[in-house]
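Should a chain be cited, it is by its letter among A, B, C and D, assigned in written order, with residues numbered from 1 in that chain.
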Amino acid sequence: MTFSRRIVSEALGTAMLLAVVVGSGIMAERLAGGNVAIALLANTIATGAGLVALILTFGTISGAHFNPVVTLSEAWQRNVAAREAVPYIVAQVAGAFAGVAAAHAMFGEPAFFASMHARGGAAQWWSEFIATFGLVGVIIGCSRSRPSITPFAVAAYITSAYWFTASTSFANPAVTLARAATDTFAGIRPADAPAFILAQLFGGTAATLLFTWLYPAPPANATVGGTVAPSAFTNQSASD
Amino acid sequence: MTFSRRIVSEALGTAMLLAVVVGSGIMAERLAGGNVAIALLANTIATGAGLVALILTFGTISGAHFNPVVTLSEAWQRNVAAREAVPYIVAQVAGAFAGVAAAHAMFGEPAFFASMHARGGAAQWWSEFIATFGLVGVIIGCSRSRPSITPFAVAAYITSAYWFTASTSFANPAVTLARAATDTFAGIRPADAPAFILAQLFGGTAATLLFTWLYPAPPANATVGGTVAPSAFTNQSASD
Amino acid sequence: MTFSRRIVSEALGTAMLLAVVVGSGIMAERLAGGNVAIALLANTIATGAGLVALILTFGTISGAHFNPVVTLSEAWQRNVAAREAVPYIVAQVAGAFAGVAAAHAMFGEPAFFASMHARGGAAQWWSEFIATFGLVGVIIGCSRSRPSITPFAVAAYITSAYWFTASTSFANPAVTLARAATDTFAGIRPADAPAFILAQLFGGTAATLLFTWLYPAPPANATVGGTVAPSAFTNQSASD
Amino acid sequence: MTFSRRIVSEALGTAMLLAVVVGSGIMAERLAGGNVAIALLANTIATGAGLVALILTFGTISGAHFNPVVTLSEAWQRNVAAREAVPYIVAQVAGAFAGVAAAHAMFGEPAFFASMHARGGAAQWWSEFIATFGLVGVIIGCSRSRPSITPFAVAAYITSAYWFTASTSFANPAVTLARAATDTFAGIRPADAPAFILAQLFGGTAATLLFTWLYPAPPANATVGGTVAPSAFTNQSASD
């Protein structure tokens, strides 16, 4: 896969992910009539299902990271070249904001408007540490043992983490930044974003240290969406 | 697979899809007691689960398009012969109306009655553009990289799109026409159908252009339900 | 697999299926506080998830029919020997009643008590025809094209059919008889059972005729749970 | 896989499982506003999705038992060495308590506080017998026939068992002990735990006896998460 295709894949995939997260949050809140449990349940199902579709669609192009913490962890493991980490992250952040704007246009909201949803304090930061630790752990564990199943494991993990963490599991700096630009169900106050991102970076670091020890022998080039190496392309379709 | 089998497959599969969409919408609205979020949640789960079963069942016969936009995109990519596109689409539309009538008979409603559910305006059209763009993108991306997983990716995408688009994601001209003939939960006012269909055609066109660039090397004859070529039939069962 | 193992598999699997259907119906009704949509949603998720687990568990032993209509259709296609159809069906019916009693014991109800839930009329019978037609169609279509995926397709279909049919999709004579012995959420009045069973037999017949025409070339011995032939046993685990 | 990696895998995996079960129970109860059906539905979806992610992540290291009954059953079948059963179980119990504390920290609760949720009586014990019987049966049946699919079957079974058993299916002594230390949605009164554990042991014993008869020929070293043997590691990724 050429570099330009991979960058477009990360940007477009992250845009669609944010459209899913923010759009389904708006729809859920509008229909649920104040019942937050039902709204979060709908938001969860839409996110989990959308995520598996997007990782399956973009995984063989760019690895379907959609997440700077995942890109940094993969670069650390040398599954992506270090020089590609920055353009990956730029594409993810730009895509994330585009996805928020696309969702807002679908629901008749302004392109961007800052969230007033306060999310802070030690319990929330601990939640984001755990959420990201688990996400990176699932990615490393699955991509080093049965990579073709990783898209399902990642989507299932996020489905679960929306409920078992107190923060509803952002677990992604690009997502966190973009969700600061929406004052809807999925939003986070811009002032609260930096601490979330810091907790996510710590969680990703801890998981990368622990899970690369747990799984010492990586197959070449395995990552979130299955495989990125062109040579693995045919194998992927054969072994799915 | 003979041509007659493929046409019956498209007609019957699309009929069952509409029975699922319309039937579960009626059931959900009757049981939910006015809570639209719960009704849409039930409608979503029934549609996503039904869709994966139907694509798995009919995919190896006809590709399980069930959707004129998908057929046009596949014809553009030369995965189906251009001369077969029209009979495919006729079968899909006829099947869609038959499915609506079958659902109405299950719930004691008249065979057809025009919807009075207004769905219009730029936000709705943009939603249909996005919904169809994503659907065709998922189909091209998966069928060109890991075709045996495409049925799951398509069903997961639609599950998500019911919630993240403001229009609940029709994303299908045959479905749109047939849903104009039911004044129940899933209906759309006949006058609103043409603009929806136009937006769907634009979305499908944009996705076909972009995703055939992203995935330049298609395997022979891959499509929605896995593969259509008779020679791929045995490979399919071996690699599932 | 020996004959005795296969008969135990059908009896035990059907018993567990009925424990799932009836038990989750009782739990759902007790917790849902009169909201039938939420009760049916819980009952649906429990049934779909339970069904995939049970078919995966028992499929390679006996085919995991759990359903006289499926056994008759498989015997018609010569996937099971005609002389084995009667013991299969006896095991299914006996297992189904045992499963209802097991569920009742879990919830402090008497072993059996006749349902007073009226389910009759042309719309309901048409629903059962459609429900069983679709079920047998999914089984034939998947088991003749990608048998290792059949357990997922069957469970997904039933998940959908709980909502898109007006009868909540019994689609199984053994299940219908046993559900006449429970006056809980999942029950059916004994007097209404024969017409349901008749509609199911018609639906299964129509599907067997149509789908064996659609899929003319069956692989040897494929059936609901993947494969039953001992020689296919190793292939199954290799190709999953 | 080295012994230390396997022990860390069991401890960490069980910790994350308890964080999922207890954390999502707290979140669900807080948001559901007294509607227990909706709370249990959210708790169910989070648990089922989390379980599949965790088994896929840790399965190829330690087998992903997370459950003393499963470890004892595997040791009985000689899939794990008898001398490893005790450290496995110690790791599971220690991990389970750590997971409860981690969840409590995410939601601002004390590390441990005894549950006051009474769960007793013959119907509850029978429920735990059935729940564990089914769990061990699903594990043996799938791991002896199509091991790569076992993680999905186990998660689907637990999703179902949360609803079809009157006890919401603990089915795990380590989970039962740790859930006695949380006075939240998922809790169980410490005095009620021993009878639950006894019922679980009986259920696991019955299932091991019956299902090893049903499936007489085990492949080497198959277990919950696919396979544990290092030599099977590569095969696993190839056959997924």
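In this section, a contact is a pair of C-beta atoms (placed from the backbone, for glycine too) under 8 Å apart; a residue touches a chain by one contact, two chains touch by 3 or more.
The structure displayed is predicted, hence computed values, not measured ones.
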{"item": "Mutual neighbours - chains that touch subunit A and subunit B alike", "value": "none"}
{"item": "Chain whose Cα centroid lies at the greatest distance from that of subunit A", "value": "C"}
{"item": "Centre-to-centre distance between subunit D and subunit C (centres being mean Cα positions), rounded to whole Å", "value": "27"}
{"item": "Centroid spacing, where centroids are CA-atom means, of subunit A and subunit C in whole angstrom", "value": "38"}
{"item": "Residue list for subunit A, restricted to those that touch at least two other chains", "value": "35, 38, 41, 45, 148, 239"}
{"item": "Touch-based graph of the chains, sorted into line, ring, star, complete or other", "value": "ring"}
{"item": "Which chain pairs touch, all of them", "value": "A-B, A-D, B-C, C-D"}
{"item": "Residues of subunit D that touch subunit C when the two form their complex", "value": "35-38, 40-41, 44-45, 48, 123, 126-127, 130, 134, 137-138, 141-142, 145-149, 152-154, 156-157, 159-167, 210, 213-215, 219, 239-240"}
{"item": "For the subunit C and subunit D complex, residues of the former touching the latter", "value": "5, 8-9, 12, 16, 19-24, 27-28, 31-33, 35, 38-39, 41-43, 45-47, 49-50, 52-54, 56-61, 102-103, 105-108, 148, 155, 226, 233, 236-240"}
